[in-house]
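The structures come next, written out as structure tokens.
Note that chain A is present in both complexes that follow, paired respectively with chain B and with chain C.
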Partner chain A sequence: METLQYTLRKIITGIPLILGVTLISFTLMVHFGPDKTYDLLGKNPTQEQITEVRHQLGYDQSFAVRYTQYLKELATMDFGYSDSSGEKVSSILIRTIPVSLALILPGFILGNLLGVILALIAAYHRGHWIDKIIMGVSVMGMSVSFLIVIIAFQVIFSSSKGLDLFPVRGWDVYSFTDYLHYVTVPTLASIFVSLGYNTRFYRAVIVEEMGRDHVRTAKAFGAHPIELLFKSVLKNSLIPIITRIMFSIPLVVISGSLLLESYFGIPGVGKVTYDAIISGDQPILKAVIGLTAIMFVFTLIINDILYKVVDPRISLK
Partner chain B sequence: MNIFLKNLKWLSGLLLLTVVMVLAGCNAAVDIDKALEGHLQGPAKIYRHSLGGAPSSLDPVNAATVYTNFIVVNIYDTLYRYKYLARPYEIVPNLAVAMPEVSDDGLIYTIKIKKGVFYADSPVFPNGKGREVIAEDLIYSIKRHFDVANRSQGSWLWDGKIVGLNVWKEAGSNYNQTIPGLKAVDSHTIQITLFKPYPQLTHTFAMGFSALVPHEAVDYYGREFSVYPVGSGPFKMLRYESSNYALMIRNIKYRQEPIDLAFEGYDPKQHKQYGIDKIAGKSPPLVDALKIDFIKESASKWASFTKGSEINYSGLPVEQVEQVLSQKQPTLILTPEMSEKYHMFHTIEAGFVHTDFNMRDPLIGYNDDPVRNKRNKLLRCAIRSAFNWQERNDVFYSGIAIEYPGIIPPVVPEFDPDLSNSSTLHNVNEAKRLMLESGWTPDNLPTLVYGGVASVSTRQIYEQFRGWMKDIGYPEEKVVFDSYASFGDFNKAVKQAKIMIIGMGWILDYPDAQNTLQLFYGPYGSPGSNNSNYNNPDYNRLYEQTSTMQPSTERTQLYRKMNNMVIGDCVSITGLSRDDIFLWHKNVISYPDSQILGGFHLKFVDMLDEEGN
Partner chain C sequence: MSTIRDTSTAKVVEEKIGESMWSKAAYKYRCDRAGMMGLSVVALYMLVALGVGFGLWGTEWSDNNGQKWEGISSQYWFGTNILGQDIFERAIFSTKTAFEVGLVVAVISTLIGAILGALSGFFSNTWIDEIILWVMGVLDSIPFYLFVAAIAFALSGFAYSMHVAMITTFWTTTARLVRGEVIKLKNFEFVEAARAVGVPQHIIIVRHILPNTFHILLVQSTIVFVGAIKSEVILSFLGLGVKDGVSWGLMIAESTLEVQAGEFANFYAASVLLFILVMAFNMFSDALQDALDPKKVSA
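Here is the complex of A and B:
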């Protein structure tokens, strides 16, 4: 009951957040986003034709009217049709979001899981050569551009000049085997880059926890290192870890991974969003931004509930 | 370990969620063989092509880009097309029975269309069976361009030219109303009445814009007709994901028309090396399925092609040229390694790149003060003399593009190979002399604003330009870059005549110099296609005079006169046409062309089996 009440309260208090995010984004979109008028016009348009297109795009309406319309679309989850392709925005999202999830989740989960494990090892051996190696590799992973990693991995694992084990690009997936075939290289690239950031962050959190009295007590008591790390250290470090993971989820789900999708030719929502930004396809942008804001609100709620799960002392009140 | 056991249900939930998401992602994808199941029998010939960009829409009213047009002409029928192999391009009947019958005054065109041509089967038709294509379909398809709801990008082709069409639009685009200038004389004969002769009309019926659309499909899909095309062309769309790929299968209802190679312009010296002789007598389309991947990233596109995921590669980027070619001059030769694996064909693009001065800008263009006006012209001429086309070609086009004076590119029959190239020569001394003669000094020179999209290549092009300006004594700080976040913003600024110096490219809509000459016709100034806003009354008069003339020596002379006017007034720094290189795997019979012929060539593409048959 307490959780339900908390959730409802949070949903209500999340509305101003959604309004704030959508208002700022919409303002940026309207005033700084690309003007699509001339993309949609043919050659030698008359002033009348220009006016017609601007009217169809809603550019001739006041900001207030357009923003109200946006909120209505958000409430009904009907964002109309893409200004570029003419396809229903909901159809585009239904088609692309699952692809992005399927692409990103393995790397996301493995990147975080491995990050925590390496951070535990590094923190346990703080100052030792193991710690230095892990941190050195992490910095290396962080320093190399994601784009370079993608191209290098494509050449090494996929191209005819490399190992030629996986497809260079595409998403011709129909079975789990196909899936593994297509997702492996993007996942490796994603892990390579994210692992450094994750490990460093988690190590910092864990090192702080390692210095606490209860850990010293457990050590003095002769606890086994594994038990010490998982039970005494990790469990008490979960709050910042959960926060980091949870707050990445909306971006992973909705925005996808633009570079991975572009370079591996994967039809996910990240690529769609990027194209919409570049071309000024406002119906798609409005949908993506609105949904991201809503997901953030739900993430906040789940995040707080998870806090209570891992630390019962926290009250949802 | 305990902690894992305690949280097992959480971990299981996470695992389950991952599996569900993964399966959802799998389900959203496509496997060609699976997708083709039930549509084709026996082993399928699948041709996989890569395009460097994606179509924005597949509705013929939006066939404004090379990419859209490429797909549209394969799904839909047009009345005319260009011969597969003949160069210069020759227009021939496609859905039409013959070339149009034109009245003596050039105002009435009568076109008969073939009988027994059917639309591909689709749920839009009763019982899912495609009906016969009739003359009314062309009328409906042209009307759609004049219905504001469709946001047509092709209405300019017939705007103010067909009797009653504009009036129909102004009256509210009621499809039940007839248009005097667009008549179906019978179910298979169309009669078009013009206000004045329009020699390019037949060419407009070879463009994707004029593709015949069944009204049933538009009624059925509404706005989403742009992603669910239904036509009578050689292929039928099976799956389409905008910005990713298009998968098409052979339209089994497509008319049987055996290929007459002699008619298509076959020349053994040129075409036999590609195995073109093997398709003689066969009826297109020759492959069972087409998969066209839209790949913008050149590194990815190249890796995918060399691996064999796509079997055709068009528009070789600069960074690959050295790797692929062993010789660039006097002819292009592939490296032995490449030559063993791939066929190569290269051709000069049907278009050109040019750098325009905005004549509406009084700092560089027209000025009310006659003295300043003259000084501005000399300054433009000086800048043009400082421009180094050879360097531009070497750095950005691998040194294999063609440089020539003026705005009539080599691909059209009106090109003048004997025209003096003095306007394209890099001549620093001449530039300095012109500046001195017109009284320009570093102190009084206007700031040159070079506009472009914020990208690495545009910035590099600008820096090269700035370097040349420095060579003629232009202060560095007086040559600035005005960058725009997207092409939409840049285009808007161009159309509002806000940019002083504009780097542009143009791809011809049809092989007639009128298509490039209109770029400098005064009334087409911004927001029209005349980005330079050049407005020379003599030029305009000649343009209007030639606009009703059929191709002739006299018209060519007038075109060339107009070309000289643009050169003489130093309105634009021109010109250069890029050399497009195409590569394809040796098991494919093809003669690719990405522009005028565009997607039309795909119905002639064939695949060899392992034994080379």
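Here is the complex of A and C:
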């Protein structure tokens, strides 16, 4: 009951955030966005044709009217049809979001998991050469641009100049082996890039926790290193770890995959959105931006509830 | 008499190492080998960038003098690209672009972050704080690349749309850090004393509180600098970045075609130079952070 009340209150306080995000993105992407009138018209259009198309696209209405219309669409989750392809926006999203998730999730999970494990090892051997090697490699990993990693991995794993094991680009997935075939190289690239940041962040968190009294006591009582790390250290440093993972979720789903999708030619939601910005496909933009904002607010709420689960001392007030 | 003089000179010597936070930090920094290495590499890049800025070198970056994909020679140190342009000249010129982007974004976003963060912290739990927090929340929840693409489109034709986009998204982290520190600082006695004496609020913020957040601003601006250089590469690749001139991002973007043909010179030149600068800057930033952290006794 308490949780329910808390969730409702949080949703209400999240409304200004959703309004802000939608207002700013609406102004930028729709109001200042590209004008599609002449894309939809033939050569030498008459004045009536122009007005008619502008009316269809809603350009003749005032900013406030169009924005309220947008909020209505967001509330009913009905975004109409894409300007470019004429396909229903919801069906485009239903088709592309699973592709993006399938592309991004393995790298995201493995990147965080490996990050925590490496951070535990580094923190346990703090100041030792193992720690120094792990941290040195992390800084190197942080310093390589994502783009360079993608290009290099593609050359190494997919091209005839390298190992030539995986397809260069595309997404022809019909079975699990197909999936592994296409997802491996992008996953490796995203793990490589995120690992440096993750390890450094998690190590800082874990090192702080390891200095606590209860850890020293457990050590003095001769607790097994594995038990010590997982029970006394990891469990207590979960809050910053959860925060980091949760907050990257909404952004990872949409924009994290944009670069991978456009480079590997994968038809996910990031690429669809990017194309929509370039071509001014407003219905798609409105849907994606609105959904991201809503997802962000829900992430904030779930985050706070998870805090409560992990640490019973936190009250949902 | 002589003993007294001795102790006083000893004190002077000790004070030369310094008692202030800054001189202690400088001393600690000089002891950090990785940090000094990073700093010297960054300084070297900066010299190269300044040289380009003053037109001393890197002036022939757009001339296509050579043949397509010439090898390494004494004339073309890194060979030539698909258009016969000297890759070395282009890579050197890009150093200036990188520093320009990094400095503009780091300085402006740190300024905005400092001012808004200080306001929001000083007036915490008032409507000013609420509004600033709301703006930060809104900016943080728009996906970065989409935001940049949208700004680039809204300001189409404006050469600095990429800078504007990065500044609007990067200042929030700085502001959050400053806000936290200011909330801590504003309850300290020196602020209370200033208030008791009747110092106006804006002077308290500018003269008494902001200088105490300077170490955060310094470290954060180095982090933003690196972030800006790295984002520039990706944005230029996506076609949203540098419009006139050349940058490592543009070089990598043009090298994607060459890489498929087995010509790696352009790719190597841009990515290695970028990697070394970012790595050095990361080391510099880490060492700075350690040196300015009073809790950290030398590692």
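Convention: the second predicted complex is superposed on the first by the 288 of 317 C-alpha atoms of A that agree within 3 Å, B and C clash if a C-alpha of one lies under 4 Å from a C-alpha of the other, contacts with A are read in each partner's own complex, and residues count from 1 in each chain.
By our rule, a residue touches a chain if its C-beta (ideal position, glycine included) is under 8 Å from a C-beta of that chain, and two chains touch if they have at least 3 such contacts.
On a predicted model such as this, the values are computed, not experimentally measured, just so you know.
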- Of chain B and chain C, which one touches more of chain A's residues? B
- Query: Which partner does A:Tyr67 reach: the first (chain B), the second (chain C), both, or neither?
  - Reply: neither
- Item | Which of chain B and chain C A:Ile278 touches, first, second, both or neither | both
- Which superposed partner A:Phe298 touches (first chain B, second chain C, both, neither): neither
- Message: Quick check for you: in the superposed arrangement, does A:Trp171 touch first (chain B), second (chain C), both or neither?
- Response: first
- Message: Between chain B and chain C, whom does A:Pro250 touch in the aligned arrangement: first, second, both, or neither?
- Response: second
- What is the contact status of A:Pro106 with respect to chain B (first) and chain C (second): first, second, both, or neither? first
- Considering only the touch criterion stated at the top, classify A:Val139 as touching first (chain B), second (chain C), both, or neither. second
- Task: Name the contact category of A:Pro45: first (chain B only), second (chain C only), both, or neither.
- Result: first
- Query: Just chain B (first), just chain C (second), both, or neither: which does A:Ser25 touch?
  - Reply: second
- Query: Can you list the residues of chain A that meet both chain B and chain C?
  - Reply: 32, 34, 151, 155, 159, 161, 262, 278, 280
- Residues on chain A engaged by chain C in the complex (per definition of touch): 16-17, 20-21, 24-25, 28-29, 32-34, 127, 139-140, 142-148, 151-152, 155, 159, 161, 250-251, 254-255, 258-259, 262, 273-274, 277-278, 280, 288-289, 292-293, 296-297
- Message: Help me check something: in the complex, which residues belonging to chain A touch chain B?
- Response: 32, 34-45, 49-50, 52-53, 56, 81-82, 84-88, 91-92, 95-96, 98-103, 105-106, 109, 151, 154-155, 158-161, 164, 167-176, 178-179, 226, 230-231, 234-235, 262-265, 267, 271-272, 275, 278-280
- Interfacial residue positions of chain C with respect to chain A in the complex: 134-135, 137-139, 141-147, 149-151, 153-155, 230, 233-234, 237-238, 249, 252, 255-256, 259-260, 262, 267, 271, 274-275, 278-279, 282-283, 286, 299
- If you look only at chain B, which of its residues touch chain A in the complex? 1-4, 14, 18, 21-32, 34, 56-57, 59, 64, 148-149, 151-156, 159, 223-227, 241-245, 293, 295-297, 299-300, 303-304, 306-309, 485-489, 491-492, 495, 524, 527-529
